[in-house]
C-alpha cells in the first residue's frame, strides 16, 4: 500500500460512509443515540479534506493527517476511537515508503492497540473492536498460510463482516449503547459496521499495488 | 420532520451563532464551538469550562455568566466536542488559578475531554476534572462512578461558579463542586420520543399513553415502561427511587428541581412540583428552594426529570448567590 | 394523551398550586385563580393586573414581580377568567393610585374583564384597560383594534411594570403602556399541533413537513399553509410581513423576540434569531436587545413567533430596567 | 313553569351537557379552541350546585342563582353570554310565582336582549343567537296561533335545532371561531348547539305544569 493507494482508499471510505450514513444512524438509534452515521460522515469528510490539502507525503504522514482530520471534527466516542486507530497505523508505518503484507498486519495491530489504550474496551463488549479483531486474526492466519496481500485483505474484510453479524449476539458494555443492555440483542453495533466498511475499502484499494510494496 | 433548520451540517455552528447574537452584551465567541462570558478569563478567579454535545439547550452552551461557568464548549448534535475545541476552551478560561472541567459522565465526553486535559497540562495549565453523574437508573449506587450526568448540571455549575466567584482557591472549588455532585440525584420519565434534526429519525418509539423511566437524554433505553401515570403518581415513584438512593433523610434540607425535557408543558411541571412539595414534607424534609423549567432538554422529548440536591450551609450559601447566565438566572 | 396530569377538572387550580409552591419566596396566593407578588398592593404605586386563560404558561400567571405586574388572574385551560376572580385581582392590586388591566384582546377576555372593571368602578376603584393586540395576521392594519394579543405580552408587561415601579402617575403608565402596545407587531408559524389536556383532542391537524402562518394560540385557523420552510426562509417571511405592517423603517431601533410555542427547540429559535439579526441589519435597523425563549406557549404546539417592538428613549429606559418574575427575568 | 320545574330542567340541562361535553368540544375544535364542552359543563354543574344549595325561592331568584353559578365558573366568551341569558330570563320573571306561555316568551326575549347587550352579536354572526332567535320566533308564532304552552315549547326546540343546522352555512364573525372564516363553513356552531340542548331540556321539563301557571 503506497501513499497514493491510501489516498484512494480514504476517498473510497469517505464515499462509502456517506452512502451508508442513514443506515449507520439507524443502527445507532436501535441502541445508542442515533448519530454514528452523521458523526463518522463528518469525520471521514474532514479527514479526506485534510489529506488532500496536504502536500505529497509518506504513508505514515498521510495516515496521521487522516487521523487528525477525524479527531478534530467528529467528537462523540467514535472520534477519539477512530482517531487513535489511524494514529496507531501511522505509528507502525513510520519510516516505510509503502506497506507490504506483513507491515500492514503490524499497522492493523497497532491501530487496535491504540483503540484499546484509550477506550479500554475488551473483545465482546459490542464495539468496533468486535469487527476489527476477527478481521486482524483472519488476515494474520491467511498470511501464515502464505496467502498474498490481496487474499489476506479479502479474508480480512470478510471476517470483519462476520464480526458485525456476531455483534448482534452481544450485550453492549461500552458507550451509550450499554444502557440498552439486553435490548441491544439482535442489533448489529454501529461502530463495528462502520469499521467493516472502512476495512473493506482499504482492502479494495490496497491490493492493486502489492507488487511494488516494501 | 417538523423542525425549522437550514443545512443539517451547519446546525451546531448556526445555533451557536444565534446564541452569541442573542446575548452579545454578556457573551463572546471564542471559536466555532467555544463561547465565553465577556470578562473571561477573570484575573484571580478559578476558571470553569463546561461542555458536551449540542441538542440539549440551554445545557451546556447557555450556562456561562456571573455565578456560572466562564466558557462553554458545544459539540455537534448529541456528539461530545472535539479535543482541539476543548483545549481552546481551557485556554480561554485560564487565569492562572487553575481550570475546572465540569461535564456529564458519558464515554464520548470523557474520551475527548481527557485528551484535551492532557494537552493543556503539557502546556503547563493546571486542569482538573469533576464529572457529573446524578442519574440513578443506569447503575446501582456501588457503581455510581459509571452513572450518567443529567439534570443536576445547572445546579452544580452554579454552585461551582458561585464558589469561584467568591475567590475560593482551586482546591476549595474542586472540593465544593464534588460535594455538590455527591449530594445530587436525578431520575426522569419520558412520555414522547424525540427526533434527530439532521435525519428526522426518532431515537426511540414510545406509543401514546405509555411512559418510560430512566430514558437517557439521547433516547438511550430506560429501565421500565408502563402505562402513563398521573402527575401525582409519577412524582411519587420518582421521589421514592431518588430518596432511597442517597439516601435523603427526614430533616434534610434540599433543592427540588423539576426539569422539562422539551415538549413538556409548564402546567405538567407545576403539577409534579405540587406533589413533590407535599411528599417531601410528609417525609420530614424541608425544601430550601424549588426550580422548574427546561434546563436540560432532549430535543422535543416529552416528560420530566426530578432532581434533589441535599444542602449544607456551605452549599446553601453558594446556591443563594446570584446567577446570571442566558440559560439560568437567579436573583437573591 | 401524553400528558402528566391528575383529574382534568383540577388542572387549572393545581397548576397554580404548583406555581405558588415553586415561587413562595416572591409570590402569594390571593384566591383560587389569583396570584400576586408578595408586596402587593404597593403603596404609592399604580397597580397592574394581568390575566387570561390557562395553558399558555408562563403567560400570564408567571409575569408578576419586580418590574412586572402585581397580580395575575389565571382562568381555566384556554378559557378567560371569571368576573368575580378578576374583581378580586383588582382589589389585590389597588393601592389607591389606579389599577391597569393589561391583557390580550380576545372576545372572552374582554367580556369577563369588562364586567369586573364595571364592578370595581362601582366600588370606587380607579380602573383602566389596555388591550394587547400585536398579532397581525387576523385583521388588516385598519382593523387593528380587532387583532389578537400574543407574544408581545411580557415585553409590554415589563415596560408597564417598570414605568409603575418608577413611580409614574396612572395617566403616565397608561400612556407608556399604550405606546409599547402600539409599537409591537408579531407573527408566528406552527409546525406541530397541540392537544387539550382535559380531552386529549388536538385543536387542529397539521401533517409533518407542513407549516401554517398565523395560527392562533388556541389552534385557531391561520392564514396560509405551505411546505416546511428553512429557518432562514421562515425568519424572512415573518419579518417581511411584520416590518411592512407598522411599518418599521431603516434607522428604527427595535427589540427582536423569538418565542417558542411549546415543543420548539432552542436550537430552532437560535437559527431563526440568527437570520433575524442579519435581515434587520440589511434593512438598516438596529437591535437594542434580543429575547429568545418560551414566554407565550400553546401547550406542546411546535413552531415560533417573531415579535418586533420599536423603541424610543422612553421605552428603552423602562425596558432596560430590572425584571424579576418567575416567567421572565432580565438583569441590566 | 314553576320554580320546581326550573330546578328539574336545570338538572336535566346539566346531565345533557355532561353527556354531550366531548361532542361540543369537537364542534369548537373545528373552528374555535375546542373547549366549549368543558366550559359549559363546568358552568352548568356550578349553576346547578348553586341552585340546589339555595333555599326554596321564586322562579326569578332560581334563574338568577343558576346565572351566577355559570358566570362565576365558566369564563371564556360563553360564560358572560350564558350568564346574561339566564339573568335576562330572571329579570322578566320577577314578581311571578311561575311562568305561563306568554311570560315564558317575554323571558326568552329578555334573555336574548341581555346576550346582545353584552355580546353585540347580530343574527347570522354564527353564534348561539342563531339557534336562540329562530327558537323564539317559532315559539311566538305558535303562541299567536293559539297553541298551548307544551306545543309552543316543542316548536321552540325544533326550530332551535334547525337553527343549529343553519349555522353550518354561516361564516363566523364572533369569538375565536371568526378566525376560521370560510373554513368554518360546514361546521355547526358549538354555542348554538349547547343553546339548542338547553332549550330542549327547558321544553321537556316546563310543559308538565302549564295548568297551574300564572
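Note that the chains take the letters A, B, C and D in the order they are written out, and that residue 1 is the start of every chain.
The rule we apply is simple: contacts are C-beta pairs under 8 Å (C-beta built on N, C-alpha and C of every residue); 3 or more make two chains touch, one makes a residue touch a chain.
Note that the structure is a prediction, hence the values are computed from the model and not measured.
Path length between chain A and chain D in the chain contact graph, taken as the least number of steps between touching chains: 3. For this pair, chain C with chain D, the centres built from the Cα atoms lie 33 Å apart.
In terms of their C-alpha centroids, the spacing between chain B and chain C amounts to 29 Å.
Chain D has its Cα centroid 54 Å from the Cα centroid of chain B.
Multi-chain contact residues of chain B, defined as those touching 2 or more other chains: 77.
Taken as a graph of touching chains, this assembly forms an open line, each chain in contact only with its neighbours along the path.
The set of touching chain pairs reads A-B, B-C, C-D, using the touch definition from the header.
For chain C in complex with chain B, the residues that touch the partner chain are 1-6, 11, 14-19, 21-25, 54-55, 57-58, 62, 189, 191-192, 197, 208-209, 228-232, 234, 262-274, 277, 289-292, 294, 297, 299-300, 302-304, 324, 329, 331. Remark: chain D residues 22, 25-26, 29, 31-35, 37-39, 42, 71-81, 118-119, 174-177, 179-181, 183 touch chain C in the complex. Per the touch definition, chain C reaches chain D in the complex via residues 8-9, 53, 75-85, 106-108, 111-112, 115, 138, 148, 196, 198-199, 201-204, 216, 218-222.
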